[in-house]
Structure formats: structure tokens, C-alpha cells
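In the two complexes that follow, chain A is the common piece, with chain B as its partner first and chain C second.
Let's turn to the complex of A and B:
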């Protein structure tokens, strides 16, 4: 069995954070969180966890590391939060480094272990609370910290300037009008049926997704708009850093940007964590039990378009595909059947992964782990051998992946394990197959 | 010795039951107050339907991913808990206790069944101990409290079986059996054994989140 101390990875954010820690500061912050921010939930979890180890097989890290117990969910909780509670925060700065590495990079907060714990302990909640403590101690991996800084200063995660955002949209609109002469990307259209939101990386380096979304909206005749102002980015790395205050600011900006335009509802692009931030975490921080404005994921939007006959395809995708079930959309929001309806509508042959649906293995990129950047890439690769095996066993080459983080993570795994596969967003496939009336 | 036995089975028994019941009520009330003060964003999602559904589903052996993943642990867990309740409540000697002390009369297990079940419970505790010693994913997270809880549970069974089979001095064994049972009862609310109370709520909460918010099964 290994120990976190044996696999410490150098990271500027963690190192500089730990360098400024004192035992007093650690104790004060831990006490502040335990007494001030957490309550019966955490207390009962720690007390009721019977240390039975049944959660182990739920975790892709544990399964990928030949059942190394130090990667089991209960071990990660024991090595971090349970120890902080037992020792009342009296731990060394070096120990905080180890805890931060566990919480930020060795748990994707995917909640798969929830299907394995008989007593119902939410390990993801325990681990994100450890992240909260690390964030307040300023011990956060540099890359995700920078992303969170971008959120708090620009309200988007990629340092996209306000004018650059509009430029990107107009650039895509201009390009698309070659193919669809009547296409528009309407900015700030009041009262539109659909307010379409994307994540920061789309205008930055996945602009073709905006192009495709516009093409689909255009072909389906949707009354839609995108905002010209901050609030357009639905992503939220502050949520995964443990920066609740800025998570709240970002979510409020997002909801209110659509509400100010009096749009009927928000449709999100194919992103998982952004979806989690609006139905699970950001809304709760802001005091909304439900969302203040209806928000749906792209899967549901495409499903509705197909039901209403608004998407017409010229032919079905011929090559066999498999489906990646992203945790925040499937285990998190139950869109597994709609996802299958959409994929079966588009594709001739679907080969399911095993396990699938809400029991699917995590991509190992989500939960902010891919956002911790290059220093931790190998953590993701060695930590998800089971995903590589699961993909390989399908025998197909094409994967439908309706989530940005899953895309990044699975493309990396495909390369690392030399699987020769390729991931597609649903939007990619719809765009490829759809009737393009104006051509 | 006889006077001591009388003390143990008389006043001390009332004390043990008192601590058990008052302890459980105290733990529940104080935890609920804390939850109301601090966990509003979780309490708001508690659902009777999804909570009870989750509890019931997890009471079916091999239904959930967890119960499927480790058959030995699953069988042991179910057999232990059922056996524990059967012996604690329906063993014929205990049924006499309920009748004489509380005036409650309930059916009792045939003597030989009670005997077999007691042995089975001891065997399941041995399996729990084996898991804590031998399985790396259990051993690495096992703390003193886990051993303490296991020992607390097994001692009344071992002494009960010894007393019934008249191994060793009967009065001493019976007295020890009663003392260990009283210690167990009194400490349930304050040790890892408090899961007897809290598991209802952790399970119901997970069921409520999955059923009501996440639209997915939590098993």
C-alpha cells in the first residue's frame, strides 16, 4: 500500500501556499470552517462512516491503481477531513500539502462511491469541504487557482475580455453566414425563448462549437440570444476551488443576465460541471432551492428539438459509437434516457459501455482535476486505467461525449493508452448530419 | 454475588435503559438543532418518499452496487443485523424480561434457534474482525473506535452463550452477560454504534438528493 507522502507532486500554488502557513493559521481556519460553516451533515458523516471499505470499488482511482487502499474514498476522507476533525486542525503545513493534493487531484467529486456506501456517506461533500479549507489557507494548485482568479476578475474562466467575447461571436456569425446566409447570433435580444450560454473555453479555443450551435438554432428556427455582457460564461471553477463567495457571484451574474433580458429559459452547451453549478451548488449558495430561471442542458434541448421534429438529418451516423455518461449530467441530473434517445436518433449503432448510465466510471478530468493543469496530468492518466479498459472493451472508435471535461479527460486517456478512438460532442454530430436548407 | 446480580439486573438495568433512551433522544434532538442551524441547504431537500425508498432498497441484499461488490461483507452485514435484533428482542430469556419488567408480551424464538442465531452472530463478528485485520482497504482506515464498537457488541453474545451452555460459573457468566449488555446499551448513542440511529438519516438524505434533485438511483 502506498501513501500520499510517497507521491507528492511539485506545484507552485501548493508550495507557495504551504510556505506561508503556520500551525496557528491552520488551526484557526479549520476551526472556522468546522464550527462556522459545517454542521450536522459533516458530523454525522464522520460518526456514521463504519470504515467498512465498501466504497473502494466505486472509485476509478482505487480500481486503476490495482486496488491500492490509499486511493479508496474512505481512505481519502480519513487522511484529510476525518484527521482534521480528530486533531481539531492541529496538523503541520506539510500535511496540508498532502491533504490538498488528495482533495484537489485524487478525487473528481463524481459521487460514484455513493452507489457503494451502505450508510449513505457523501464523500464528494467531505472532499469539497477539504478543498474549502485549503482554499481559505491559500493552498490551491496554481492552474485552477488562476482559473478561479479569472472568474473573479472577468466573470469568465479564460480571461476573455468583454470586447473579445463579442468579437468571437461576431466572427463565428460572419463565418457561418458563408454557409447559412440568413444566420444570426442575436445579441441581447429581449424576451427571447432561449438564452444560450457556454463555457469560457468555447470563445477561446473551441469556437467551432458556437458556430455549430448557431447553425442548429438557425436550422431549427429557434428564437434565441446570447448576451453581450459578463454572465455569458456558465462555467464555475470557483465552485471546485472552494471559493463559495465567488461561486455565488458568478452564478448570480449568469442567472441575472438571462433574467434581465427576460428570456424564457437558459440553454447550456454541452458541459457537465457548469450544469452542476446551477442545479446543485451555486443555487444553494444563493439561497435558491430551485433555479430562479429554468435552465436546461444541451442534451435536453436537442431531445426537445428532435421530439418536435425541428432537427432533420440527411442520414444516420454510420460508424458505431459508444456513449460517455458524464457524472454531473447523468448521476447528477438523470438525463441518461434522453441522452440515449438523442444518440439513437443520430447514430445507426450504439455499443454501450460497461458499466454505464449512473454507474459509469468518471473521466477523471472532472471535479476541477484537469483544471489543476499539467503537473497533475499523470495523476489523471494512471488514475483512470479502468476508463481506458472500459472504452477499449466497446470495440468502437467513436465516443459521444456531451461534456467538456469528459472530452478533455477522455482524449488524454485515448492518447496515453493509445486507443485510437475519437470523441464527439452531440453538436458535432448533429451539425455533420443535419439538413442544411440554405446551402 | 447474588446481591451483585440483583443490583446489576435491577437498578443498573434501569440506568442502562435510561441512558440508552435519553441518550438517543439527546443525540437526535441536538443533531437536528445543529442541522437546522447549519445545514438548511441540505434539510430543504429531505423527502419522505425518496428517503424511505432509499432505506428500503438498501435493505435488499445484493441490490445496490455496494452490496454486489463484496458478497462476504454483504451476507455478514445482513446476517449480523438480523441476528442481533432477533436475539436481543426475541430470545426466550429476553422475552421473559420484557414481560416481567415492562408487561409487554411478544412471541419468542424456540430455544435452540436462539442458541444457533447467537453463535451465528458471534461468527459474523469474527468475519468483521477478519475484514479489519486482513483486507487492506479496511485495515488502513480502521481506528480504535471501530474495534471498540465491535468488542462492545460481541461481548454480550459470548458471555450469553457461555452462560446458557453453563461453561464456567453460571452466575458469574450471567452477571457478566448482563453487565456487558448494559454497557452496550448505554454506549450505543455515544460510539460508532450510533449509526443505529443516524443511518436512517444519512441514507434518507442521500436518497432524497438522488431521487429529488439528481433524478438518479442511489444504489
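Let's turn to the complex of A and C:
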């Protein structure tokens, strides 16, 4: 059995944060969070956990490291939160570094383990609370911390300036008009049925997704809009660093951006964690039990378009595909059937991964782990050998991946394990298959 | 145009544009906008391949552009739009450029009377604001959350005044942001600053400021409050004495602080849209007295009835009344005035409008795809295909309805008694 102390990785954010810690500060912050920000749920989790280890096989890190108990969810909780509780925060700065590395980079908050726990302990909640403590101790990996700074400064995760956002939309509109004459990306259209929201990387380096979304909206005849003001980015790395205060701020900006335009609902692009922020974390910090405006994921939207006959395809995707079930929209929101309905509508042959649906393995990028940047890439690669095996066993080359983080994570795994596979967003496939005007 | 009293308030209906179908030769026509007085309807039109203009009623701007967006009427009735020509951008006002072209402009704002117009401004990768066509003398690496004073004399935004390397956590924690007014920066640096706002006279600015990684407060005229909070929302100046109040979060609950001192002890799950009455004697807000339930509060006294979602607080001119939009997560909307929902629910609602004497309240709602104008909860005699929020005459006895029906744009002046 390995130990976290044996695999410490150098990171500027973690090192500089720990350098300024004192035992008194650690104790004060831990006490403040345990007494002021947690309650019966955490206490019940700790007291009912039997240390039975049944959660172990739920974790891709554990499975990928030859069942090393150090990577078991119960071990991660024991090595972090349970120790903080037992020792009442009296732990060393070095120990905080280890806890931060576990919480930020060796747990994707994917909640798969919760399905294996006989008493239903949500280890992801335990680990994100550890992240909250680390954030308040200023011990956060550099790259994800910078992303959170971008969120609080620009209301988007990629330091996209206000004009760059608008310019990207206008550029994509221009490009798309060559193929779809008269196509519009309507900006700030008050009262539109659909407010379409994306994540920061789309205007930055995945602009083709905006192009494709515009093409689909145009073909389906949707009354839609995108905002010209900040609030357009639905993503949320503040949530994953434990900065609840700015999670609330950016989520408020997002909801209000759509509500002030009097749009009926928000349709989100193919992202998983942003959906979690919207339906689970950000809304509740703001005091809403549900989302203050209806928000649906792209999968639900595509399903509607198919049901209503608004998407017309010229033929089905002929090569066999497999399906990645993203944690936050499948385990978190139960969209496994709709995802399959959509993919089966579009594709001739679907080869399921095993396991799948709510038992699918995480991509190992989610939960902000990929956002922790290059220092931890190898952690993700070695920590998800099981995903590589799962993908390889399908025998297909094409993967339908309706989540940005899953895309990043799986593309990395494909390269690392030389799988020769390729990921597609559903929007990629719809765009490829849809009827297009002859120009 | 100008003051509301100078508009045509003769009771009756006028068809301003008989047919809103695209004019001959136009490739397409975008969504319509109407002037405050209801005399003009405008839309961006494609007049040729890669060539755009704006239709106003049945005429078209003489100038054409490669691209046009953000058409907006100023309060004094001038039509502005952001236009591109030869890959450069400029604000066009009634078809004529205002100032020189530049790399990019956006976010048009107007002074209260419409005489002053500002935009955000970018030139050579440097950012600032532009007032009546004149850019700030000093530009910055970035500027966000712009503001224009009510009198249109001053502009403000949050600027990045120091460069940061990629993922430079230390620089961020030192603070590289400050407030810039008319192009001149404050001396205090913040980790973040959001949403500067002016007092009525335009000579003071308050802003939400993140002063350490974990502490937020309000800064007024370059001076942060001594007290800090877990989070803060938008500050508001008192019209009486220029004191500043803001929602503040402490120990997980929201209250209100004035000049740093708590005046509403934190007890709410949320506190939004803090608003002084016009005379400064009342302080209103949207609050959540219980998790998941929202309502309006006046001077820390919440209305009895609560709703899952409440937005768009509007306080009456006398400060004694208020209206909000309430819903079940943006479905089944209610208009709620003085704590009581009007009858019926709607698919969409717009903020209420009070008459100047505060006696009457009007609103626009949407149901089954039709727009409806309500006064004191009672509907106008018919619904419309499209409409814009109603406007009261200065004496509060009449309502201006701007609407589209049967592909015509109509302007209706109705007596309040007709509702």
C-alpha cells in the first residue's frame, strides 16, 4: 500500500500556500468550517462509515492502481476530513499539502463510490468540503486557482475579455453565413425562447461548437439568443476550488443574464460540471431550492428537437460508436436514457462500454482535476487505466462524449494509452449529419 | 421628443407602420425596437450582400454598414446602433457616426435625459470608455462593468492597471484592479472590484471590492469601508446624505450595512436589489427570509407572502409602494404589488411601472404567446402579437401602449379608466 506522502507533486499554489501556514491558522480554519459551514450531514457520514471498503471498487484511481487501498474513497476521507475532525484541526502544514493533493487531484468528485456505499455516504461531499478548507487556508493548485481568479475577474473561466466574446460570436456568425445564408446568432434578443449558454473554452479555442450550435438552432427554427454581456459562461471552477462566495457571484451573473433578457429558459452546451453548478451548488448558495430559471442540458434539448421533428438528418452515422456517460449529467441528473435516445437516433451502431450509465467510470478530468494543469496530468493518466481498458474493450474507434471535461480527459487517455480512438460531441455528429442548404 | 409631457397623449389608436413586412429589396429584417414615445419602430435590415442598414418606420438610414448590432433608443428618442465599416467600429446616432472609428465598441449607455451617450471602447488592445464619441485619454489592459452618471458627465469602470503573467497568483493577490473615473484611476488596488455606481450628483462612486482573498467590502471614492464581509452585493447611495448602503453577508446570513455599520442584522438567506426610495427615506430590497423563499422588504420588514423566485424590484416614486416579479423558478409568473399578487399567472412578465403620483401600476405580461398590458391588475381590452412595456402620462391618467398586431405597429393612448 502506497501513501500520499510517497507521491507528492510539486505545485506552486500548494507550496506557496503551505509556506504561510501555521498550526494555529489551520486549527482556526478547520474549526470555523466544521462549526460554521457543516452540520449533521458530515457528522452522520463520519459516524456511520464502517470503513468496510465497499466504496473502493467505485473509484477509478483505486482500480487503476491495482487496488491500492491508498486510493480507496474511504482512505481518502480518512486521510483528510476524518483526520481533521478527529484531531480538531491540529495537523501540520505538510499534512495539509497532502490532503490538498488528495482532495484536488486524486478525487474527481464523481460520486461513483456513493453507489457502492451500503449506507449512502457521499464521499464527494466530504472531499469538496476538504477543498473548501484548503481554499480558506490558501492551499490550492496553481492552475485551477488561476481559473477561479479568471471567473471572479471576468465572469468567465478563460480570461476572455468582454469584446472578445462578442467578436467571437460575430466571427462565427460570419463564417456560418457562407454555409447557411441568412443565419444569425441573435445577440440580446429580449423574450427569446432559448438563451444558449456555453463555457469559456468555446470562444477561446472551440469556436466550432458555437458555429455548430448556431447551425442547429438555425435549421431547427429556434427562437434563441446569446447575451453580449458577462454572465454568458455557465462554467464554474470557483465551485471546485471551494470559493463559494465567487461561485455564488458568477452563478448569479449567469442566471440574471438570462432572466433580464426575459428568456424562457437556458439551454446549456455539452458540459457536465457547469450543469452541477447550476442545478446543485450555485443555486443553493444563492438561496434557491431549484434553479431560478429552467436550465436544460444540450442532451435534453437535442432530444426535444428529435421528438419534435426539428432536426432532420440525411443519414445515420455509419461507424460504430460508444457512449461516455459524464458523471454530472448521468449520476447527477439522470440523463442516461435521453442520451441513449439521442445517440441511437443519430448512429447506426452503438457499442456500450462496460460498466455504463450511472456505473460508468469517470473520465478523470472532471471535478476540476484537469484544471489543476500539467503538474497533475500524469496523475490523471495513471489514475484512469481502467477507463483506457474500458474504452479499448468496446472495439470501436468513435466515442460520443457530451461533456467538455470528459473530452479533455478522454483525449488525453487515448493519447497516453495509444488507443487510436476519437471523441465527438453530439453537436459534432448532428452538424455532420444534418440537412444543409445547397449554396 | 423629450419630456413625456411633450408626447402625443391624445386618447386613441394610431397605426404608425401599416406593414412590418420587409421592404422591397431587403434580404431580411431583424427584431423590432421602438422609441420611448412610441412614434418610431426600428429594425436592422440587410440591404445587400454584406450590407446592412436600419429601417425606421418606412424609411431606411441613408448610410449602410458591413455589420450592425445593439440598436437602442436613447431616452430622448435618438436611435443608436453599433456599426462596422472597413473593419472598424463606431456608434451611429440616427445614422451618423459619433466620433472616430476604432477597433471595437460595445455596451451603449445613456444619461437619464438621453443627452449623453457612452460606450465601452477598445483601441490597439487597450481598453476604456468613450463619452459622446470622445475616448478616455488613458486606456488600460482591460476595463469591465462600466457606468455612466445620471447627468451624463462622468464615466467609470473597473480597470486592470497592472499586467499579470499567466497563472500569476501573487500578482492577483497583490491586487491589479481599481476603479477608473473619466480615465483616471483610484490609488487603492483590489483583488477584484465589481459594478461601480454613481451618486445622483455624479461626484461620488461606490463599488463592491474584494480587499483580500477572503474579505469583501464597499469602497467609496477610493476608500474601502473599515469593516469587511464574507460577500457583498451592489451598493446604493442615499439621496439624502450620500451615505452608502449595501447587502452584506456575515456568518452565512445576509443583512444590510450603511457606511460599514450593520443596519439590518444578517438574518436573510439572500438580499438583492437594495434600493433607496427617491426621497431616501425608505430602503427596499428583495430578501429571502427562509431558505428557498423570497419576497420584498421595506426597511427590514418583509412582505408576508413569499415565492420560490422574486426579481425586478421597482419602488414607487413616493417610496411607499413596490412591485416585483414572482414565480416558481421562472414559470407561472405573478406580478406582486404591495405584497399581494395580481390575479392570474403568466408565461413571462416585465418589471412594473408606477405612475408619477404612485397611485397606479402598469405592467406588460405574456401568456400563450400574446402580450398583454395590465393596469392595477386589469388587462387592456385586447392582447397583442408583440408589445413593449407601458408608459404613464405625467399626470398618471393615461397609458401609452406600443404594440404590434396583424403585422402593423400601433401606438395606443388609453385612459387608465379604460382598464
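Annotations
Methods note: the second predicted complex is superposed on the first by the 437 of 439 C-alpha atoms of A that agree within 3 Å, B and C clash if a C-alpha of one lies under 4 Å from a C-alpha of the other, contacts with A are read in each partner's own complex, and residues count from 1 in each chain.
The working rule: contacts are C-beta pairs under 8 Å (C-beta built on N, C-alpha and C of every residue); 3 or more make two chains touch, one makes a residue touch a chain.
These figures come from a predicted structure and were not determined experimentally.
Of the two partner chains placed by superposition, A:25 touches none, neither chain B nor chain C. Contacts of A:122 after superposition: chain B is touched, whereas chain C is not reached. After overlaying the two complexes on the shared chain, residue contacts for A:161 are found with chain C alone; chain B is out of touch.
Of the two partner chains placed by the overlay, neither chain B nor chain C lies in contact with A:204. When the shared chain is aligned, no partner comes close enough to touch A:7: not chain B, not chain C. Of the two partner chains, chain C is the only one touched by A:191; chain B is not. Within the superposed three-chain model, A:289 lies in touch with chain B and with chain C [touch as defined at top].
Once the two complexes are overlaid on the shared chain, A:38 sits against chain B while remaining clear of chain C.
Comparing which residues of chain A touch chain B with which touch chain C, the overlap comprises 37, 289. Partner chain A is touched in their complex by these residues of chain C: 27-28, 30-31, 46, 67, 69-70, 104, 106-107, 120, 122, 127, 142, 144, 160, 166-170, 172, 177, 191-192, 194, 210, 213-214, 216, 230-231, 249, 251-252, 269-270, 288, 291-292, 294, 308-309, 311, 329-331, 347-348, 350, 366.
Contacts from chain A toward chain B in the complex involve residues 1, 37-41, 43-45, 47-48, 50-58, 62, 67, 69-70, 72, 74-75, 78, 114-122, 279-280, 284-285, 289, 330-336, 358-359. Across the complex, chain A is touched by residues 31-32, 34-35, 37-39, 41-42, 44-45, 54, 58, 64-67, 69-70, 73, 77, 131, 135-143, 146, 192, 194-195, 198-199, 201-207, 209-210, 213-219 of chain B. Against chain C, in their complex, chain A makes its touches with residues 12-13, 16, 36-37, 136, 138, 142-143, 145-146, 149, 152-154, 161-163, 166-167, 170, 182, 184, 186-189, 191, 228-230, 245, 248-249, 256, 259, 262, 264-265, 286-294, 373.
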